[in-house]
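The chains carry the letters A, B, C, D, E and F, assigned in the order they are written, with residues numbered from 1 in each.
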Amino acid sequence: MRIALLNPNTTEHMTETMLSVARGVAPGDVELVALTAQRGPTAIESHVDEAYASAGVADLVLEHADLDGYVIACASDPGLFAARELVEAPVVGIGEAAYLYACTLGLTFSLITTLARDIPAARVRIATHGLGGRYASVRAAGVPVLETGAANVAGTAAVIEQGRLAVAEDGAEVLVLGCGGMADLPKIVSAELGVPVVDGVAAAVTLVTGLVRCGLRTSKRSAFAWPEPIAYRGMRAPSRLPLER
Amino acid sequence: MRIALLNPNTTEHMTETMLSVARGVAPGDVELVALTAQRGPTAIESHVDEAYASAGVADLVLEHADLDGYVIACASDPGLFAARELVEAPVVGIGEAAYLYACTLGLTFSLITTLARDIPAARVRIATHGLGGRYASVRAAGVPVLETGAANVAGTAAVIEQGRLAVAEDGAEVLVLGCGGMADLPKIVSAELGVPVVDGVAAAVTLVTGLVRCGLRTSKRSAFAWPEPIAYRGMRAPSRLPLER
Amino acid sequence: MRIALLNPNTTEHMTETMLSVARGVAPGDVELVALTAQRGPTAIESHVDEAYASAGVADLVLEHADLDGYVIACASDPGLFAARELVEAPVVGIGEAAYLYACTLGLTFSLITTLARDIPAARVRIATHGLGGRYASVRAAGVPVLETGAANVAGTAAVIEQGRLAVAEDGAEVLVLGCGGMADLPKIVSAELGVPVVDGVAAAVTLVTGLVRCGLRTSKRSAFAWPEPIAYRGMRAPSRLPLER
Amino acid sequence: MRIALLNPNTTEHMTETMLSVARGVAPGDVELVALTAQRGPTAIESHVDEAYASAGVADLVLEHADLDGYVIACASDPGLFAARELVEAPVVGIGEAAYLYACTLGLTFSLITTLARDIPAARVRIATHGLGGRYASVRAAGVPVLETGAANVAGTAAVIEQGRLAVAEDGAEVLVLGCGGMADLPKIVSAELGVPVVDGVAAAVTLVTGLVRCGLRTSKRSAFAWPEPIAYRGMRAPSRLPLER
Amino acid sequence: MRIALLNPNTTEHMTETMLSVARGVAPGDVELVALTAQRGPTAIESHVDEAYASAGVADLVLEHADLDGYVIACASDPGLFAARELVEAPVVGIGEAAYLYACTLGLTFSLITTLARDIPAARVRIATHGLGGRYASVRAAGVPVLETGAANVAGTAAVIEQGRLAVAEDGAEVLVLGCGGMADLPKIVSAELGVPVVDGVAAAVTLVTGLVRCGLRTSKRSAFAWPEPIAYRGMRAPSRLPLER
Amino acid sequence: MRIALLNPNTTEHMTETMLSVARGVAPGDVELVALTAQRGPTAIESHVDEAYASAGVADLVLEHADLDGYVIACASDPGLFAARELVEAPVVGIGEAAYLYACTLGLTFSLITTLARDIPAARVRIATHGLGGRYASVRAAGVPVLETGAANVAGTAAVIEQGRLAVAEDGAEVLVLGCGGMADLPKIVSAELGVPVVDGVAAAVTLVTGLVRCGLRTSKRSAFAWPEPIAYRGMRAPSRLPLER
């Protein structure tokens, strides 16, 4: 099966890092198709970045609409609902996948995100997935997206420190890493803190593979029905593809 | 004070209709600045449309960043959080404003939206505003965005019929109209059903005016802090403006 | 339009203070009618005070039932639901209005109330308005109702200190002041802390004005239907007025 | 022990009916002290009635502050929080007691209230007790307070019919009767429908007895601390009693 | 009436301690029947212990199915739902009873449990009873089940210390003791901390007595219907008893 | 990797059916180890059955504690939390897995369970997984556990009919089958109704495989820490195994 690893930001080396992690967990029959947004923010730190990235995600899915499954590889899951409308193959966000996996490993998890500005929005995202009652806390490491990852020793120490506080003070049993750029951190952080640490890239790639194996596809019944055939002004209408089906 | 009435879709006559309603409720010292998205969907019916429209909203706010208040005039409030990052003036969505107004007129309200596909997503939107416990039901009139409004007699009858069911079967005490194109319907529907009917355009224009009069501005503390100075690829970075402040 | 600014406690100078704030935000076409409860507590600190004050609010609304809108000017919103039954004009509490306004300025707000005893009850009140998921914390300044306000320098410092903790430790993006007597504090507190500070008096006056401009009236469908024609013993039945309609 | 059965409305024959039910369940060492509000509504159908009745409840408790436990015998629990402030003995409302008892007999209950206008407010009351997730539905029999009870054959049939619908359509496993005047109905309704039917008067009398036997008293820590020594205008300050303690 | 005090663990002296407390609150017409599980854990500290204890509870109820009421005397309420299926008499858990009693004494309570491992599970249990919105915190004294009780002075000090923190830092107005072995602690802890302290044994015995006095029985309508006549392998089918009814 | 497919009931042909489904979705490197409870109910229809089955699940896991992952193959997830304590390998219930998968395919799902008695308990189970806000309804097909499956044409028709109602009346976008015995139904039901239909067996097998590939293990931090070394009476203590680690 062919699974898209779709990076909503435009930083290709981040796609590469995530692809490397994804390859480490993907079974032999999975072909990973790495896609990087062609226009838009090089990192997604604000709702503004997210707005432009969501459009970029829709663009990418439209151009690669024949794959068997899709991973939206940004922890804020930009464009997730839009992508689900554009294809029938399953689509999973790395934020969403990490929360779902964490729920099977303990009764409560904490999310370690990048910047403090993301904390209230991250709570809204978790609640939108219906899991508002499952998290112990959301904490920020204070490390921008493009500086995350094992190569940044000080940044990694900050992630570990917030994880330690989440476990000790907030009662977290499981940690979720809140950025695709942290995909190479789970083993390091878990070894330090002695709790499971979930990276969304690995989680989403295996989760969407599982959905595909079960023959499950996105419901076209209501929320994620094919887009209506709306005319667009100043750009190609994205609904063309499903209409031709 | 100068208040933007920002239509996230690209259909100018819909901007005109909404402007007319807005003028009917705006106090004398309010200058309404009607803005219409320059690129993107002519109507917002799907999450895909919403993704592109959110980027369009961010574009418009960036270009008109010096106003005293902003109304995002689409009931799904596309780009609302992004807009709040781009300015410090208060920004209100017509969906949000309608829910808040409805909460002051009865203990439960029902939303009458356009197409059935929007029902689960509308519930998520209401819950995101924290009001998941206040609505009795979400019902769809089955009328597409561009066909809403008093000129469509059959469509209006469908709105009234769903409103009637919301009151009789779901226990709604107040109705909220779920599309900017329905802005000319409140009096017609209310006269038929005998309950208050809230249109978001009028609600948002008066609400944002109230926020301005109180000297209140969007918090820059966390969720709606100015965008980070992220580089963009293939397009102008939207964060330029606040950085120059 | 004529808007009642109804003080549920019997302290007239507190009515005056609030009226002064209200005048500062009311548009030119709004005539404010200040009303002070004639019997009952000089301040509302307990549920007992609230019980007597609720009856006083009903008395006042009955005597002034011909206005265009009503503001219940006590942060615990005493008698709010009763007042809504007695008139069809919109009625807004200053607690309620402040929470609703705060919701448009950030994702989470904190309430700074007067005495610690009010903390659990304030949480119940916010939850009753359906906004239990939107607040970061409720904190008490330890200042009794009649000692609040800018003239009390130490009390104001206590409000600022609790606000500072709400922002720093609880993640509040917006502060709500939990007493009508604090109506002259928003600018002082906001200047200190750099976040928007919402006073309910200004919020409620502008909010109810907005409802009136939209032609919206309290639903008589269910929760706030006119009172039943119940006989009263030892006092005039309050339902007389609506019965004469 | 001496337990107050406090009727918040001024209809003495309703006090008598409830006293008769209370006597049927009170253990031998319990002396029931029947109290009837001296001023105010003869029945509590609206929030206005509730406001005046709450003041009446506070009056009664102040005058009879030396009892061992208190039952507020109206299903909307008027003045419950105020009463808890005025004494340290446990105070239980018949609405509250019925919900709590129902929770031990099945996973979901339905409330059969008097008039349809009470439905949304009853939901708020149940949620205020924290049990918003435990009820299947709230239904109204359409019988006013003073016409409830076994003597009204048609009214009782209406209660049974709504109970039948609650069980058959809403999935209720237990029924709660939503008016003190229905205190003589449980056996009749239960025999018809085959599910447990909880009357709040019997529930509250036995519940408060249990609290007293356990030596438990109302917390004076925060929400129900003794009233502050607030001056009152035009009436005696209710806080006098606790101040003299 | 005959009430079972059913200890789900196999430690008889713990049954004796709890029986002593139960006798102190049971009215004269209540005969307490102390039952101790015959197989299984000597204390219930883990979900594994709880699984085996639940089967033991079902065994015991089957063998003593003719009593008038049942108390499951372990704070995690093991086998509560199973017991409710096996009899029609009311069944109350000491965890459940303590939460319900606490709800009548303040707006928020804190639970002081035994070991820290129980904290997230205790939150789930409280939420299952629908009271997730009523507790301020769950804290652990770090004292194993078999070491709880007044005889353990250091352990009691630890309970008091966590209770003090719950009141001072978490805002608890009422404390609930989270182990049947703590049944002799309420007076000691309450005297130290000045807030009501609820022990579940006393609460459950009086609560179930109240249910019996009201003639209330477990609903057989849905969740707690008699067990289906399922064949068992390697053991006697527990459903035999109700089938013979 | 070796994954346990653990049937909590004692009906071996049901294990076989589920194994067949599991084999259809398991990747080539997964060895499925089918385990059937040795003592206890032949089907799990009641809480009593569940209590005995939970002990049986703990027995089985103790005896097979060296596998790489565990699937608890009963839709009520009996013994799930106990199993998580006994091993560090990931453990997933088929109920839980189905809900999580369903959440990625639409905004709301409905559960089609076996008997009506399970409806309220199923709601509690879904809420315990934190997903109380994601389901549209729980409906019962009225088919006992041992009669489910494609071989029962009438039973399958009943499942389809309830699914149809869930989609048409309750707004479900995805269906979840609420019994391991329905594992061969998804394609049949999905073909009829045009929405994704999730069977928990396939979901759990692929989900646990994904967790293993990511190197994730159950948190031993709190809720699922190794069992305490509690003595057992009349049976072997289950905690022996982890103590020897």
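Rule of thumb we're sticking to: a residue touches a chain if its C-beta (ideal position, glycine included) is under 8 Å from a C-beta of that chain, and two chains touch if they have at least 3 such contacts.
Owing to the predicted nature of the structure, the values given are computational and were not obtained by experimental measurement.
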Query - Required minimum of steps from chain A to chain F, each step between chains that touch - result: 1
Query raised in the report: Using direct touches as single steps, what is the fewest number of steps from chain C over to chain F?
Result: 2
Query raised in the report: Quick one: which chains contact chain B and chain C both?
Result: A, D
Report summary line: Farthest CA centroid from chain A: chain D
Report task. Among the listed pairs B-C, B-F or B-D, choose the one whose interface is a repeat of A-F, with over half of the contact pairs the same by residue number. Result -> B-C
Query raised in the report: CA centre of chain E versus CA centre of chain F: separation in Å?
Result: 28
Query raised in the report: Using CA atom averages as chain centres, what separation in Å is found between chain B and chain E?
Result: 51
Query raised in the report: What is the distance, in whole Å, between the centres of chain C and chain E, each centre taken as the mean of its C-alpha atoms?
Result: 43
Requested in this report: Note the residues in chain A that touch 2 or more other chains, in rising order.
Outcome: 106-108, 119-121, 124, 127, 132-133, 171, 173, 222-224
Report summary line: Chain pairs satisfying touch are A-B, A-C, A-E, A-F, B-C, B-D, B-F, C-D, C-E, D-E, D-F, E-F
Query raised in the report: chain F touches which residues of chain A in the complex?
Result: 25, 27-29, 90-92, 96, 100-101, 103-108, 129-134, 167, 171-174, 186-187, 194-196, 198-199, 202-203, 206-207, 209-211, 213-224
Query raised in the report: Quick one: in the complex, what on chain C touches chain A?
Result: 106-108, 133, 171, 173
Report summary line: The answer for chain E against chain F in the complex is residues 10, 38-52, 54-55, 57-58, 79, 81-82, 84-86, 115-117, 119-121, 124, 127-128, 144, 222-225, 227-228, 230-235, 237-239
Query raised in the report: What residues on chain A touch chain C, complex-wise?
Result: 119-121, 123-124, 127, 132
